Structure formats: C-alpha cells, structure tokens
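Working notes for the structure below.
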Amino acid sequence: MENILNALVVLANFVLIPGLAYGSQIALGALGITLIYSILRFAHFAHGDIMAFGTAFVIFGTWGLQYLGISFGPLPTALLALPLGIAVIILYLLTADRLVYRFYRRVKAKPMIFVMASLGVMFVTNGLTRLLIGPGERRFDDGQRFIIGVRDFREWTGLAEGLALRGSQVITVVVALIAMGLLFWFLNRTKSGKSMRAYSDNEDLALLSGINPDRVVWITWAIAGTLMVLAGTLYGLDKSYRPFTYFMLLLPFFAAAIVGGLGSPIGAIVGGYIVAFAEMGITYAWRRFFSHLLPDEWMPAGLMQVLPVDYKFAVTFGILVVVLIFRPTGIFRGKTL
Amino acid sequence: MSEHALKPSANAVLIGEAMTGGYGNGPDILHDCTIAVEAGEIAVIVGPNGAGKSTAMKAVFGMLNLRKGSVRLNGEDIGALTPQARVRRGMGFVPQTGNIFPSMTVQENLEMGAFIRDDDIRGTMEQVFDLFPILRDKRAQAAGELSGGQRQQVAVGRALMTQPKVLMLDEPTAGVSPIVMDELFDRIIEVARTGIPILMVEQNARQALEIADKGYVMVQGANRYTDTGEALLADPEVRKSFLGG
Amino acid sequence: MSINIRNIVLFSAMGLALVMTGMYQSWPLALTILNMALISAVMALGVNMQWGYAGIFNVGIMGFTAIGGLAAVLIAMPPVPEAWAAGGMGAMLGLMMGAATIFAAILIYKTMQPGKLRGLSIILVLAVGYILTSLVYGPATHAISRVDPAATGFLGGLGLPVILSWPVGALMAAGLAFVVGRVALGLRSDYLAIATLGISEIVIAVLKFEVWLTRGVNNVSGIPRAVPRPVELQTRDWVQGLADRMGMSVAEMARIVELVSYAILFTIVLGILIWLAEKALNSPWGRMMRAIRDNEVAARAMGKDVTRRHLMIFILGSATCGLAGAMMVTLDGQLTPGSYEPLRFTFLMWVMVIVGGSGNNWGSVLGAFVIWFLWVQAEPLGRWLMDVLTSGLGADSAVRVHLMNQAAHTRLIMMGTALLLMLRFAPRGLIPER
C-alpha cells in the first residue's frame, strides 16, 4: 500500500501537477489562437511574440512595484502588474489591427495574406521585445515559493517520497480556470459574446443582423490579448521568461488548438491539457515511479524514458500528426474554412 | 388584365420602382423592373431560372447597384442606404442559403435576429414561438442540427425578431419536400395575418401564386405579367408558359 | 526573363550598394555579404517554387536547410574509426530497426481491416519495436559519444569532397519533404504550416542532441574546404603579386581570393538553378502549377492530381533549401546546430520572397540580396539610429546605454516593417510575377 502511495506521489510531483500547470498555460494560449482563427479566420503567427512583449510589460510593472516597496503578500507581485501588461497589449493589438489587418479585412484578402501580415507583426514585435527587455532570461517571481515543501510533506505523511506544490502552479491553475470560466460566461451569456459566436458562425448573416464586424474584431483582440498576457505571465512565473522560448510556444499552442478542433474554445482547453500531459508523460523518466511498484529484479536498466526532454517538440508534433491523419477536424469538430 | 396592378398605389409599404442595374460594374440584369408590396398582402415574384427574381429582391434590399429607379419604404426614399441600414429601417430579409447560425441554439438565433434592439425582446420571441411552435420545443438545440423545414422556420423567425415593417423571403422552400413546403406556406400565411406584408421569391410558382395576393412574373430581368395571384393562375398564357399548362 | 530597364536598374543598384560597401567599409565584408546573399538567393528560389508556383506555405525552411548542413558533415568529415569500432554498427542497426518498426506499423495500417485489432497490433508493433531499437541504439550511440569527446565523440563522415554534399544535402532534404508532404499536404494550408514548423524544430533537436551524429552543441568545426584556405593562398606567387599591385596586405588579398572563389562556385549553382527554374516555370508544367495555385477547385475538376503535384513541388523546393544549407555549412566550414533559429532561417526567407516578388524567380533572387544586405547593414544603421534618437539623454544615461546595447535588434523591426509595407503597398514585390 505504501509503495502504491509512494508511486502516486512521484507521479503527482513530476507529471500530474506540473502537467496541470503547463496544460493551463498552453490552454490559455491555444484559446487565443482559436478565437482569432474563428473570428479573423487566419493562423496568428505573432501569438508567441506578442505574448513575450506583453509579459515584458508585466515584468517592468513588477520591477516598478518592487522598487516602490509594494508587494502582494504571499502572492507574486506580477499579479498586480497584470493590468498594465494587458492594457498595453490590447492597445498594441488594436493599433496593429488598425494599421495592418483592417485593410486586408476591407479588401477581403485571402487568409494566407493575413498570415503573411502576421509574420510582419511578429518581426516587429520580436524586435521591440528584444529592444526593451533584451533576449536574455528574466526572473520576476516573488512571494511565497512553496505551498507544500518536499520535506514538510514527508514529515506529515511519513512517506519516502516528497511532494512539492509550488505557489506558481496553484496560481496558474486557479487563474486559468477563472479566465476560462469568464470567457465561457462571456461567449454564452452576454450579447457581445453571442455576437462573436454569430460572426464566427455566419459572417454575412451577422452583418445582416446589424452586428458591427469591427466591434467583434476589437473584442476578439482584447480577449486574445488578455489571454496572451495571462498565459505569458503564468508561464514566466512557473518556469522563466525568455522571448525565444515564448516564440517556440507557438507549436504547442497550435497543436492544442488543432487537436481540440480549430475554432472550438472547449477543444483548445482539452487540447492544451492533452499536449501538456503527453509531453510530460513521454519525456518523463518513469524509473522512479516503477521502482516503487516493481520488484528490483524486474526493473530494467534504463531510465524508462520514452524520449529525452530535448524532443518534447517531437511529442507535440507526433500528436499533431496522429490527429491530422485520423481526425483532421480535431476532437471537437472545428471549422473547416 | 387589371391595369391598376401595374401602377402600384402610392400607399405601398415597399416599392422598387423602374429599377435598372446589375452587380458591381457588370452588365445590367434588371431592366425597368418594378416590384411592390402593400400593407397586409403577400406579393410573390415568379419566373423561369435566370429571370432575375432574386436579383430584383436583392435590388430592393440594396445589395445591387441601381443605375435608374428608386426604392421607397413607406414613401421614404431608401435607395442610398446599405442593407444593414435598411434592416434598421424595418426591412426583414431571409436569404436563400446561409440564413441561420448553425452552431448556436434556436433561441440564440432569435436573439441575434434582435441584435439591433435594445428593448425587451421576450414578447417578440413569444410571438415567434406562437407562430412556429416547433421552435419553442427545440429552443435549446443547435439550429444546425434541425431538419430543413425547421431551419427555414428559424430563419424566418430570426428575421421577425426585428419586428420588421416588411418581410422579404428569398426562395424559402428551396430544397424541401412537398409536404414541408405546404407547411411552410401555411406558416407564411400566418405571418402575413399578423399584419406584416411579405415579399417572396419562389421557384414553385403554382403553389406560391395560390397564396399570393399579388404576383409578378419576371422574364429576363423585366416585368412580364403583374396581377393578383388568382388572376395569374387563371391566365391561360401564364399557365402555358410558366406553370407547365 | 524579360529584360527590362526597371529590373536592370534594380539589380545595378544592388550591385552598387555592394561595391560601396567594399569601398567604404571593407572588401571582405562586401564579399561575405555577397556570398551569403547568393546562398540566400538559392533558398529564396526554393521558397518561391513552393509559394510562388504552387501556393504552398512552408514555415519549416530552417529544418530543410539544417538537414542539408548535416550532409556537409556526413560527406566531408573524415571517418572516426575508433567511434565506428565502439558503436558504429550498433547505431546503424538501431536506425534500421527503428525504420523497420515504422514501416511494419504502416504495413499493418495499410493491409489489415480497420478495427480494434488493427489498432492494438500497431501499438504492439510500435512498443516492441521501440524497446528493441532502444536496447540496440542507446548503448551504441552512448559508446560513440564517449570516444574522445573533446575532439570527436561522433562517427565522422565519409571523407569525400565537400562539394559532393551539395547534391546529397538536396537529396536528404527531399527525403524529409516527402515524409512531411505525404502527411500534411492535401490538408488545409494552415496545417501544413504548423506541421513544417514542427518538423523543423525536430530536425534542429536531432542536430543538437544526437551527439554521436553531429557532436551536438559542441559543433563540428574544421570541415574540409571547397577551395584553398587563405593560409595556403598566401604562399602562392600570384596572390602575392596581386596584393602588391592592389596595394593590399597579402593576408587580405588571400582572404579576398578565397571569398571570390566561393562566390564563383555559388554563382554557378545559382545560375544553373535559375535557368532550370525559369525553364520549368515557362513550361507547360509550370503553367499547370500556377493554374492549380490560382484555382485549385477548377484544377481538381479537370482531373489534375493536385495533391501529387503539390508533393512534387514541395519536394523540389525543399531540396533546393537543403542544397543551400549544405552550401552554407561549406562556406562556414562548421556546423553549429545552436545557431539555427527560425526567425533568421525561415521567416527571413519569407521576407525575401515577398519583398522580391513571389512567383518570380528573379524577384526572389533580388529580394534575397536586398534583404540580406539590409540584415547585415541594419546593425550599424540601428546603432546610428539609436545614437541619434537617444542623443538628448546624456552619454551615461542608463536608458541610453541599454538601448544602444540592444540596437542590433532594430533590424528585426526594420524587416517586419519592410514586409508589412511591401505587402500593403506593393504586394506583387520588387519584380512582379509576369
């Protein structure tokens, strides 16, 4: 019995809890991708870079607050700086829409032209981020690191294995759940949210019903921007901030959105957790887990790791390929435009 | 043939008079075409394929560049307005295809129909549910999952949510079975009985003229015959050329 | 090609910019820019084949370039006999077993009836194959990487002339493109984009972490050269004579001669490729490709196998990128897996093609030259710009120092702005498609 408990603690500590946090971060990013896709109808390649840009402002805000001696008690100061980052990003996205995307919307350009334009925005954003905060790694987490420490856990339970629950992990999951809850409330209960779904469903009829397309697009950017800054800040608190890493998150974001079904918000969330748990599960060395369950003489020699951590993108890619081959519309039938 | 029908009375709710024009800068499709609907009546546009029936209706709705002619709603010239602005002025339009929001529930479809309204819409929704009782039962179901006839009811219901002064239907019975078609026509008569004038383009000319107060037979973008539905059905020439004998 | 005044002026202006660089900055710098511009032009041709001819959106150019670079190592580096003795056979056997596993799984998928049994069989074959493969592959590759890790730690190559790696790099990239294309072509264009983005990251991961193959982040340096090194050139009489006559140091002249030699090699390759690409574009085949691009539905209705045509052009374009990748590693003389980043190797290529004029081979070449030139010269330009912008701040202002240090990043902003401006105001590029 104790062996099983030990194995479960190992599983929770190294796969389940980090996976839940990572999955929440991916889900937030993928939600943004999927919303932009269903309203503006293109694959938003600047997502990772704008996320990095917004998070940079959260970091500046955090530094400013720290300099002023303001803290958020046991919670990270960054949470207080979130509104700054969100405001800057919404303003930035609306400016980008006005200067870049609106024109292509007016001339009804093909989706690929939008994608090209988003590459241009990606370059500019990437340059601005590096100019402002530099390409290096930044840490901005403060507040209470651990809610449960490994040693405390061992003392309380008397188990051989310890479990650490970091504050950033709990905050990630809680903030993500609140954000998702609010998003679904907005989409399903408010007139503006419903008008967004209507526009996504049938653009012409939405226009005929008197829905203002520009307003729908602005709301979409605002929501996507908020989700980006949330995802970026939570990822930075949980792991660390580096612009290039954020750019690379594009792959799991898109994989999650496609796996769940592009255009489906629930799909993006489910896809986010699938991608996260697959990445964690396949790159985790299961030796320690099985050492509690199997007799010593049964234990194989290796780490019992399917793929090294370096190949986590291969896992994402693998899931993507399997979905593309067997169910191209994703789990929750997305749009096929 | 009654002459008065060709000269629509001044109190027509909606009239597109002597319309000439086409899509964009393309060639003219309509030639001096006049379509009107008066208070409390059902007007039907029929004619062979490619006669410009739907085009005439779209011209009235502002989706076409008119080079000549005018469109008036309750006597007011609305020729310069966009389709969206015409909706706000009280024109309800049900397109032939893509006339519902498939992933949204029936009730949400109706709510979106009333998007431009800021007042309480519950009363109107009850009226729509009274007209189309099946929608009340299916109010929480996604509209895309309904049958063809039910979807058309959603589409008409959506357009009614703005409490329009006139309702325009573009081939409401396209692609539905004859039984469903009869049922839909019954519903349309009921809508008309509530006092909303209806302008309708129809492929099924005989059945449509049976319920029509006024019928327009169009050929090659121009009016050919205009009379009451009854008179057109009785006209041997119309029967021979357009109703299959 | 339509020789018109506009195009001649554009290319002459580009040439003049390079000459000015040589005169006012330095000739080796001008030639270095020229060489990378030539390689970029080859890559841009590859991208243009996919996007300009066929409308295929490939954002994994970096992966195809990198796999071409790997070819340079595998062809030109001398073999390491100790490493081969330690685990060469095991690694090869492991790779073959891995391939056999995947092949077996595909075979089951193709031959068995759909159902639970098939799914289970595939999972079983994959699991058993994976375990057996890793039992062979793991120890063998580990043993290889333990052989004198400071100097080798990898299998080395075949010890053949490095030029041979150019076609081989193209072939390797073509093989990769075949696999990716079979999976993702025929689906929506966004899906192909994401799939190529993923595969390029995987290729880089392989290059970084399969130490037995590439030495990983330790880099493979000292790849045999395609032309004599400057050190050798310095001893030649004619180089010394030339240096005297031009009033340069012998060392500088030797460097210039080396760079010019590469430039000649690259120009030959680029010339052949343009000739082939133009021939293809103006052939019935090229017209068909563009017809497919402009109206896929109609082309399908006419009975064209669009997916097959797309696969073909995807492979050709990717092979061209692989060729360029091998050329680049040849020029650098080393493979540094850590230096491959998508902004520089994938997205910059896109800027080149869009700015140059998608669908036009000469446009892509010009775009590659212009953008690469700007990319290199943007750094001094950015520094100057920052200097002017922050001049009011006082020499030791922290903001000014920070911005000056990051000034190099303004090149990204410039590239993005160039792309956005072209897309908006001249969407057909500098040299539009005919």
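Labels for the chains are A, B and C, by order of writing; each one numbers its residues from 1.
Basically, contacts are C-beta pairs under 8 Å (C-beta built on N, C-alpha and C of every residue); 3 or more make two chains touch, one makes a residue touch a chain.
Predicted model, so just to flag it, every value in this text is computed and none were measured.
**Student:** By count of C-beta pairs in contact, what is the leading chain pair?
**Tutor:** Among the chain pairs, A-C has the highest number of C-beta contacts.
**Student:** Taking mean CA positions as centres, which chain lies farthest from subunit B?
**Tutor:** Farthest chain from subunit B, going by C-alpha centroids: C.
**Student:** Rounded to a whole Å, what is the gap between the Cα centroids of subunit A and subunit B?
**Tutor:** 48
**Student:** Just curious, how far off is subunit C from subunit A if you go by their C-alpha centres, in Å?
**Tutor:** Each chain's C-alpha centroid was found; their separation is 30 Å.
**Student:** In whole angstrom, what separates the CA-based centres of subunit B and subunit C?
**Tutor:** For subunit B versus subunit C, the centre distance works out to 59 Å.
**Student:** Can you name the residues of subunit C that touch subunit A in the complex?
**Tutor:** Checking each residue of subunit C against subunit A gives 55, 57, 59, 130, 134, 138, 183-184, 187-191, 193-195, 197-199, 201-202, 205, 208-209, 341-343, 347, 350-351, 354, 402-403, 405-407, 409-417, 419-420, 423-424, 427.
**Student:** Which positions of subunit A touch subunit C when the two form their complex?
**Tutor:** Subunit A reaches subunit C through residues 42-43, 45, 100, 103, 111-113, 115-117, 119-128, 130-132, 134-135, 244, 247-248, 250-251, 254-255, 258, 262, 302, 306, 308, 310-311, 313-314, 316-317, 320-321, 324-325, 328, 336-337.
**Student:** Going by the contact rule at the top, pick out the subunit A residues touching subunit B in the complex.
**Tutor:** 191, 194-195, 197-198, 201-202, 204-211
**Student:** Of all residues in subunit B, which touch subunit A in the complex?
**Tutor:** Counting only subunit B, the residues touching subunit A are 83-84, 87-88, 93, 95, 98-104, 108, 111-113, 115-116, 158.
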